[in-house]
């Protein structure tokens, strides 16, 4: 079936394998992903206060996201290892949610894209926010993790509608 | 400020540290978390077809989630290492989303809870679904990752409303 | 002694170190390794049945092998880190053994070969087969792990006799 | 089918999961595994000579095996994390093979056995021997990795016939 | 020679192995280690300024130290894995050095001590300070990493003179 | 403030992030770092004796340093992953300290330097010496870890005064 053959992780017999990218040229690639942690307003107030004093909730989550991006190929079974040249993670409190918005930008010069690295950074940063504040709010939700933009690679640029 | 003192990861001066749980008794603890990957109907059809043939998309994501649960304390900076006694990850295609529902159940006999392990298993399983199908659908979204239930520990049971 | 100087991991004084490959050109390199898990016929029947239903024994071992290949440089003290461009692991039940045949193919464009990555993938896939079935057969044996073929690099191609 | 239900990693639906050991008592458990690397006589002479001078081939392999035992639960997808209380790896040159015999003894007080830890230690020690000497002999084979003995746990002691 | 037998990592034949602690009782153990990064006064001024604004140099180093403590058994070949119940890392700018003083306190209920975990936390926190400021001062030195105090275990308490 | 902008890990807002090196050319880079473990003369005698027999204390520390260099980007939050082409670690007993001198040389062809890899190798080698001998001397001190020399990269060569 034509569509199924697009699942490039599956070989002819349907078995999962890490696809061969050796014939692809190394090009500059970037990916931006976002997500958010939605919480009670009073939980967000605590995050902000903590941030005002020491930056710890958001600062800890930022570092956790950056460090996780570097380990994406260990976590996602069929991801290729890559020499990331940039990982930036941003966390912004937003009263409108209320909660924390997270975004990650990743760059590489390589043979595969860095969407998974950006999405992993966002996910682990969100998980870390949850961990830092869970003692006061177990009902938080991680929402809307998705790819915003990617550039580079044979499939061309992508921008979320 | 009273509320802020509830952020148990922050010490008196506001600096992040791994809290002392040495005085807590080791008790049986469980946590269940869920989340979902929302995709186009035709993407879900491919996941299902793959599953019908070899189970690879869902099977790969299940293993990735299980393995990630065991590495939670490496990913989330202030999580304690734990000897998990059970990790089960379940993925179910759902036409209503359309997409894949993910749930994880984790057990431990220990001094801290396993909410983060269950949430991490769900997150990495969702990321792996994304990775396996991203070639045909970059617009997928990971949604509604949250804790459903926890038991054990001094704070007592929790069940999401 | 002339031969001893061929042990390139040992420096002049005999101390183990990671050899300098900085002067080597990056070339396309591949390696294929194989091995097998020998078991009772009734154990193999269970593996096959499991495979018929959900592909779990062989599918789990395949993923474990792939993921292990990416961590070869963490496991083998003097291996260089490499950006693997392909890892494929194949498991085939074989009544003649009886047991499971495992093969791994690894590619890289780099300054050192990927024999160890292919051998590590085979070894960990075999170990995982053992783990998945050990409850019914503790007498299984992992046999004949060896390099079948390598290409690329200054030492030229190798093919097992 | 009755036998299939013995594959404790597979749940009712056949999906692989980390089995629940929370109801098992923690008991003293040991496992001993062995294996060997078979090589040309002249390769073994080099290993011996290296050993005579600095102990590096065998010493490096011993440490690699010990360190790998501690990471078994990261490598084998459904293994539980364990607090190993002892890991000993032994390598002995044997002209009769010719080659190197490897054995590993692992102990734990825990809810699951340490067969996989012992087998993983042997496998990675064998791989490291291969890596250290492969420049002079690509035809080496890793043979006969198997469990020799285990004690502790509900299934009782096992000793290879 | 009597003294040599005190090197508990070396077995009778002198080969390094992870010692058997299975017969030791699990007791409460703590360790405190310290160290310092000595730098130019103007470098310290930058660290302080960064700290005043966002806490990043010291906050990043604190987290790196905590996370490293959890990975001690992966880094130090013969260390046993442990379920750390507390890791606290403290960094204090000190004009008298000039530089940053680092201390780490680690707790466990286990069969071996946590000296190495405390020393590893200090070392990696110091390395991270270096990394964060090296662009302006490559001449920094990490000095005087040592154990200040340990409690618990058969060898009794230790306090640095 | 002009100086503060030199802290390249901090972005405009002061938040820590992994800096973008994508525009930097890949060049040959080397770094040499040193450090030492200072101990009682009788402790050093034991280290030497151990070395004379099996090389274990120094050999174990050498391997631990090499393996740690490869994991630098996992330990130091804002370090980039790199494909190290050489890691050599040297340990020399020195009666003048008394103690053990440690040096590490690291090479890469890449977009960032390898100072942190060399310093990490030295640190972990020193920690391992401590671990191997701590049973007889808890008062050892790790001293004077610093960069001796670096070459390559836009900032040009550095040599410690």
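Which chain is which? They are A, B, C, D, E and F, in the order written, and residues in each are numbered from 1.
Quick note on the criterion: a contact is a pair of C-beta atoms (placed from the backbone, for glycine too) under 8 Å apart; a residue touches a chain by one contact, two chains touch by 3 or more.
Just so we're clear, the structure is a prediction, and the values are computed from it rather than from any experiment.
Path length between chain A and chain D in the touching-chain graph (shortest route): 2. By residue number, more than half of the contact pairs of C-D reappear in one of the listed pairs A-E, A-B or B-C, namely A-B.
Over half of the residue numbers at the chain B-chain C interface are used by both copies of the sequence. By number of C-beta pairs in contact, C-F leads over the other of C-F and D-F.
The distance from the centre of chain B to the centre of chain D, with each centre set as the mean of the Cα atoms, comes to 31 Å. The mean-CA centres of chain E and chain F are about 15 angstrom from one another, to the nearest whole unit.
Among the residues of chain A, those in touch with two or more other chains are 15-16, 54, 56, 59-60, 63, 67, 71, 74, 77-78, 81-83. Under the touch rule stated earlier, the contacting chain pairs are A-B, A-C, A-E, A-F, B-C, B-D, B-E, C-D, C-F, D-E, D-F, E-F. Only residues 54-56, 59-60, 63, 67 of chain D touch chain F when the two sit together in their complex. Across the complex, chain B meets chain D through its residues 28, 55, 59, 62-63, 66-67, 70-71, 81-90, 107-109. Remark: chain F residues 1, 3-4, 6-10, 13-16, 35, 42, 45-46, 49-50, 53-54, 56-57, 59-60, 63-64, 67-68, 71, 75-79, 115-116, 119-120, 123-124, 126-128, 130-136, 138-147, 150, 155, 158, 160-161 touch chain E in the complex. Across the complex, chain E meets chain D through its residues 11, 15-22, 73-74, 77-78, 80-83, 110-111.
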